[in-house]
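For reference, the structures are reproduced in the following blocks.
Look at the two complexes coming up: chain A is in both, with chain B in one and chain C in the other.
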Partner chain A sequence: MGGLLTEPFLVSLLYGAVTAGMPLLLAGLGEQMSEKAGVLNIGLEGMMLVGAYTGFVAAYHSGSFWLGYLAGGLGGMLTALIVLLLCIRRGLNQIVIGIAITVGAEGLTSLLHYVQFSRSYPRLAAAPVLALPLLRDVPVLGRGLFSHNLLVYLAVALVFALSWMYRSTYLGLSLEAAGNQPAALDAAGVDVVHTRSLAVLCTGFLAGLGGAYLANVGAGIFVPFMTGGAGVIGIVLAMLARGRPLMVMVGAALFGASLAMTTALQVAGIDIPTDVVQMLPFAVVMAVLVVFGRHSMLPSALGTPYTRGER
Partner chain B sequence: MSIVAALSGITKRYPGVVALDAVSLEFHAGEVHVLLGENGAGKSTLVSVLAGMQQPDEGTVIIGGNPLRIASPRHSIQLGIGTVFQRPSLVLSLTVIENLMLGGSWLRRLARAAALRRFRELATLLGTHLDPDAPLAGLSLGEQQQVEIMRALWRDAKLLLLDEPTSMLTPQGVADLGRMMRNLRDRGVALILITHKLGEAYEFGDRISVLRLGKVAGGIDPEALVAMEESGRTATIIRLMFGLEAGEAATTAGGHAAELAILLGRKIHGPAVVDRSQPPVLRVREASTRAEFAETPLRKVSFELWSSEVLGIAGVDGNGQKHLAEMIAGQRAVHGGALELGGIDITQGGVPERRGRGVRYVTDDRLGEGTVGALPVATNLVLKEVGAPPWWHHGITDWAAIHAHARVLIERNDIRTPSALTPAGKLSGGNVQKVLLARELDAEARVAILNKPTHGLDLHNQRLALDRIGTAAARGVALLVISTDLDELIEISDRIGVMFGGRLAGIVDNDAGAIDRVRRLMTGAGAT
Partner chain C sequence: MPRRRRVIGSIILAAALAGAVCPFGATSVLAAQPMALAIMLPEEPTDYGWNQQAFEAARDVAAKYHWKFMPASGLGYGDVHAALRELADDGASLIIAHASGYNTAAPEIGAEKHVPVAIVDRPNESRPGAVADYTLSGREGAYLAGALAAKMTRSHTVAIVVAAESPPWNTQSAAFAQGARITDPAIKVLYAVIGPAAYADVAGGRRVTESVISAGADIVFGQGDRASFGIMQAVETKATGSAPVWFIDQLGDKSSLDKGHLLTSVVWNLVPVYTAMIEDLKRGTFGTHTYSIRLADDSVRLLHTTYIPARIWADIDALRTQIVSGALKVEPVWDAASVRAMMSSVAAPPK
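Then we have the complex of A and B:
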C-alpha cells in the first residue's frame, strides 16, 4: 500500500473529490431549501439531467462556460416549474410527480441529444481554472483544492450565504415555518404557496447548475443518463444535513471522495478491481444512513400540500 | 360607540352545509362582543372570513365604513384585524420571538432588537412573563395561547378575534386572559370572544350574539345585558341557541345534554355506585418496570380497582404515568411484582391475552399509536382484532362484517365522518378519540386504562369523552383515567391516585378536601 500517501494519489483524490462533489453539493443545497419549506423534491435527478443537457448545449454553441451555467440553471428551473404547478399549486403527490420528472428527463434529454448530435459525443475545451494566489503553492492542497473553476469557490461561498440566510433573514424564518406549520405562516400573513414556489425554483436552479458543472467541467461532454444517481445522493444529503448547509458540504465532500477513489487508486497504481471501488459511494450511502438516518429530524409538514382554509 | 367592523349579509357554503347564512353583525370599539352557538353553528367560519382565510360566497365586510373583500390573511392584518384561531397556529420548532417576527419582508435581516422592544411593550400591556427566546414546543398550552394573542396584537389590531381561547386554559389562565381583554377594551379595541361557557360570556362580555345553524338567532345588547337578571339571560340564550319556543323548559333541551352541561358549567353525571364488598377486578401488587432512557419507570406500585370505579391518576407529566398505562395494557413487561385480573394472575401475559380477558387501553398518542391514519375508520375500529374472528376467517377478511360493524359504531357514537371508508387521519381530533373510545369501551371491556382522554380536544368533545367514561363506569367497567387536568379528575373520579417519581404517592377519596391533598401529593409531600 506504499502508493497511498504519495503526492499524486492525494492530489488526485482531493481534486477528484471536489469535482465529483460539486454537483452533489449544489443539488443537495437546492434540495435542502425545498425540504425546509416542506416540499419533497424527488425529481432532483431529472432537474440535474436537464441542467446538464441545456448547460452543455449552451456552452457548446457559445463557447462560454458562464452561459453554460446560466442555461443549466434555467433548464433545471424550468423543470422545477412542473413541481410548482402540479404539486404546490394543485397539491398532487410529490413523490409520483418527482419520479415522473426524473424518468421523463432521462428520456427527453437522450432523445434531444440524439436528434442534435446523432451518435457523436463532442467535447468541450477544458474549463478555465482559477488557482488561488498563495494557497495554490501549498503542497498537495494547492493542486487538490485550490486550482478549480471559479464556480467551485462560489459554491463554497453559497454554503455560508445560505447558512446566514436561514438564520438571519425573514426568508429563512418563512421557509422554516412553511415546512413545519404552514398554517401558522399563512396566519402570519405570508403566502405559503409563494414561499414554497420560491424554494422549489431555487432548487431547480441549483440542481441544473450542478448538472451543468457535471457535464461541462466534470466530464466536458454530455452523455445520456450521465447523472447516474447524483440526484438521489443529493436528496440523501439534504435529508441527513438537518437543515444545515455546512453539513451538506461535508456530506458532498465525503461522497465526492468515495467517487474519486477509483481514479485516485489508478493514479497510485494500486490494483483493486474497479467494481469494488465503484461500489464505494453506495456503501457509504448505506453506512451513513445506518448511522445517522434515524435522527434526520425532517420538517413535520414535509410532503404535505397546503391549501388555505382546508381542513 | 363607533363601529369598527361589520358583516352584511355574509353567506358561506361548504359542500353539504351552509356554514353562514346571511349573517349581519356589528362590532363596536371598546366592546367585548361574545359569540355563542352550538358546535358547528358557524362561529369559526365567521372568524375565518374576517381573518381572510375563507372567502364568503355572498355579502360584504365593512371596515371603517368601507365595504370590501378581505382577500388574504395578509390583507386582514393590514386592515388592523388580529386573530387567535381556534386551532393553535404557531410554529413549534421556532422560539417565541421568532414566531412573532414571522411575516417580515423576505430579503431583510431579522429586526430582532425592534421585535424585542415590541415584545416587552405587549408583555407589559398583557401582563405576561414569557422568555422571548424559549422554544415554543417547551411552553404550556396557556403560555402558547399568550403568544398567539401577542401575535394577533403585534401590528396594533383595532379588532381582535378570539376563537375559543379559554378552552385550553386553566382557571388562572382564564383570569389572566380576562384581565388582558379588559386592558384592550379600555384602549378602544373591539374584541370578538367565542366561548362555550356562559360564565365567561357574562364575566367578560358587553354584548352577546347567538349563532344557530349559520344564522344570527338573536342576541342581548349592552343595555339589556346590564338590566337582566342572570337567570333571565341564561334562559334567553339557551332558547336562542337551541331554537326552543319561549316557555319550553330550556333545561330539558333534548339531544343537547353535552352542550348544556358546558354552557352551565355543570357535570353530566356523578360517579356510579361502587360496591367494595365484592373483590376488586384488578389488583396490582408492587409492580415495577425497567428504566428506559428519558422515561420514569414504575417503582413498586400497588393498588386495587373495583368494577364501576373510576380511579383518577393525577401527577405532573412524566412521573411514570405512561409506564403505568402500558404495563397494565400488556405493552410493557412487569419487572417484579404481580398483576391479577378477577383473581387470575396475568403478570406474564402480553397484549392479546389481556385484551382477551377484557383489558382495554386508550393511548394518549391517538394518531401515532392508537390509530393508523391512512387506514379507513372501519378498519381502525377493529384494529386490535386484526386476523381474528369474527372479522377474519382463516386469514380472509370479511369486509361486509367489518363495514356493518363500523356503521353501527359510527351511528351509536356519533362519529362525524363522511363515511366508514374515510381514512382515520382525515378526522378531527375529537372524532379520532370517538373512534378509539368506541373500539376500547366495547361490551367485553372489564378494565379500561385511558391516558389523557381529553387532551387537545375542544370543549364539546372533552364533554363527550367524559360522558363516555361515565357511561362505561355505570355499565360496570373499572376505569383508570390518567390526566394532568385536576378539575376533570375531581369531576369524574371516585378516588384519585397521584404519581410522583414512578411511585404511587398516595390515593385519596374524592371528597371535599381532595384537591388540596392531591396537590400536596403532586409536589412529593406525603398526604396527611
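Then we have the complex of A and C:
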C-alpha cells in the first residue's frame, strides 16, 4: 500500500471521511435530544430528506450555502411539526408516525424533484472552505481535517455546547426528566409537552441541516432517496451513545473514516470481496459503540406519550 | 366411435403437450386483444440511464407494434408483487421487469397470472414461453471507451467507479480495462465500488470519485444510475484548468447536462432487444434464448463528442470495425472477483 501514501490521496480520504460523517453527526445529535426528552423520532430519515431538498432548492436559487442550510433546517423543523402535533399533542404512536413521515417525505421529495429538476439536474459549485490558521499547515491533516466548510466547525462546537447543556443547565435537566420522569417534571412546574415539543423541533432542525449539508456539500446535487439510510444510522448512533453528544461524534467519525477506508482498500487493490469491504463502516461502528455503550440505558418513558394525571 | 374418441384424445394430448412446452400459451396470449407491453422500473425514467433508456425503448416498441404501453415507474427496490399483479390484471401481454431486484417476484406472478415476463441478471432462469432473461452487456462499447481513455489520459491513470457490482456493469468494467490496456499496457486502472447497491448515493459517488482523482486518475468511467451525477459533480469540481479531468458515462446520453467534462458515453439502445422479445412471443420462441446488445446493430455505440480529436476518433472507429467484423472479440467477464483481479492498485503495477 506504499503507493497509497501520497498526500493528495490521503487528504482526499480524510476530507471525504469528515464530509460523510457530518450529516450523521447532525442527525444523531438531533435524535439524541428527542430521545432524552422521551420521543422516539423514527422519522429522522424523512426530516433529513426534506432538509436536503429544501436546502438544495434554497442554495440553488439564492446562490448562498448559508441560506441553503437555514432552509434545510427549517424544512426539517416543519416536518418535525408532524411529530409534535400527532405524537406529543395527540399521543399517537411514535413509531407509526415516524415511518409515515419517512415514506411521505420520500414520495413528496421525489415528486418535487421530478417536477423541477428531473430534466436539468442542476448542480452546485464546490462549497466554500475555511482553512483554520496554523492547523491548515499541518501536513495531510491540515487539508484533510482543518480545511472544511464553516458548518463543520460549528457542528463540532455544537457537540461541546450540548454536552455542557445536558450536564450543567436547567434545560438539560428538564429534557432528561421529560424522558425519564415526566410526571416529576410536571410536578416541578415544567410543562412536559412544551419541553418535548422544543426537543422535537430542534431534532427536526438538526436533521434538516444534516440533509442540507449532504445535498449541498456532500453531493452538490439533490436526487430522490439520496439519504440512503443516513437517518437510520443517526438513530442507531444516538441510541448507542448513552446520551453523550461526544459519543455521537465518535460514532459519526468512525463511520466516515470507515467509509474512506473502504475506498482506500479498493483503490489499493486489496483482494477482499467488495461486499466484505462495504460492511466495514457498519461493523466498526456497531462493534465500537456496543463495546463502549453496553451499559447504555434508554429513557424509561421513551416512546410513551405523556398525559397529565395518567398513570 | 372408437376412432372419434382417438381423435378427441389426440387433440387433448396435443393441447396438454403444448401447454407443457408453452406454459402460458403464448399464442393464446397474443390472440387476446388488445395487446399491452408493461415495463416496471425502480426509479423514474428521467435518469439519463438505466430507467430512461428502458422506458423510451419500451414505449417506442409498443408504438411500433400498436400495443398499449403500460409503464410502472418509481417502484423502488422492495416488494413488487402487488405491482406485478396489478399490471397482469390490467391486461399486460408481456411484463418487462427491469431491475435485478424483481427477478424473483416477476416469474412467480407471471406463473400465477399466466403472463410472460422478461427479467434481468438471471440467465439460467429462462423458461420457454414464460420467462426470458435479457442480461445485457455493453462491453463492446466499454472496450472502445477504455481504448479512448488510454489515448486521452495525461496521467496514464484512469479509474472505474461503480454504484454496484451487477453482472452487466462487471462486463463493462472488465472490457474498459481490457480496452485501456490493449492501447497502453502500462496504464493504471483504478477501481472502486461506491457501496452495496448505491444506485442513488450521489454523495458517495462524489466522495469516491474525488478519491480516485486524487490518486491520479484523470479519466473516470462511471457506472451508476443517479449516483453517476455525483461522479459527474466530482469531475466538474475537482478538475482544474491545467489538469482536465474527463467523465465517461454509460447507458444514456447526458450531453445536455454537460459542463465541459463529458468525454463520451457507452450508449445503450434497447429497442432491438424488446422488438426481439415480441417477435419471439409471436413465433413461440420466447424464453428459449437470451438477448444481447452489440456494436454491429448500434444497440451499443460510443457517443461522439467534440472533445475527442478527429485522429483519435478515427482510431476508435477502426477498432469498432474490427469488433463488428469479428476480428476482435470482447469476451464477457460477469463475476466481480474476476473484474477486481484485472485492476491496478495505486501501488502495484498493472496486472
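Operating definition for what follows: the second predicted complex is superposed on the first by the 276 of 311 C-alpha atoms of A that agree within 3 Å, B and C clash if a C-alpha of one lies under 4 Å from a C-alpha of the other, contacts with A are read in each partner's own complex, and residues count from 1 in each chain.
In this section, a residue touches a chain if its C-beta (ideal position, glycine included) is under 8 Å from a C-beta of that chain, and two chains touch if they have at least 3 such contacts.
Keep in mind that what you see is a predicted model, and the values were worked out from it rather than measured.
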Check: Who does A:G269 touch here: chain B (first), chain C (second), both, or neither?
Finding: second
Check: When the two structures are overlaid on chain A, which partner does A:I221 contact: first (chain B), second (chain C), both, or neither?
Finding: second
Next item on the list: Please determine whether it is chain B or chain C that touches the greater number of chain A residues.
Entry: C
Item checked: Which superposed partner A:G104 touches (first chain B, second chain C, both, neither) -> neither
Check: When the two structures are overlaid on chain A, which partner does A:Q278 contact: first (chain B), second (chain C), both, or neither?
Finding: second
Check: After superposition on the shared chain, which partner residues are touched by A:G303: those of chain B (first), chain C (second), both, or neither?
Finding: neither
Next item on the list: Please work out whether A:G16 is in contact with chain B alone, chain C alone, both, or neither, and reply first, second, both or neither.
Entry: second
Check: With the two structures laid over each other on chain A, which partner does A:S168 touch: chain B (first), chain C (second), both, or neither?
Finding: first
Item checked: chain A - residues contacting chain B, complex -> 168-171, 173-174, 176-177, 180-181, 183-191, 299-300, 308-309, 311
Notebook entry, point to check: Tell me, which parts of chain B touch chain A in their complex?
Noted result: 48, 51, 53-54, 72-74, 76-78, 83, 85, 87, 89-94, 98-99, 101-110, 151, 428
Notebook entry, point to check: What part of chain A is in contact with chain C in the complex they form?
Noted result: 1-4, 6, 8-9, 11-13, 15-16, 19-20, 110, 114, 118-121, 123, 125-126, 214, 218-221, 223-226, 228, 259-260, 262-264, 266-271, 273-275, 277-278
Next item on the list: Under the touch definition given earlier, write down the residues of chain C that touch chain A in their complex.
Entry: 43-44, 46, 48, 74, 165, 190-193, 195-196, 198, 200-208, 210-216, 226, 229-230, 232-233, 236-237, 257, 259, 336-337, 340-341, 343-348
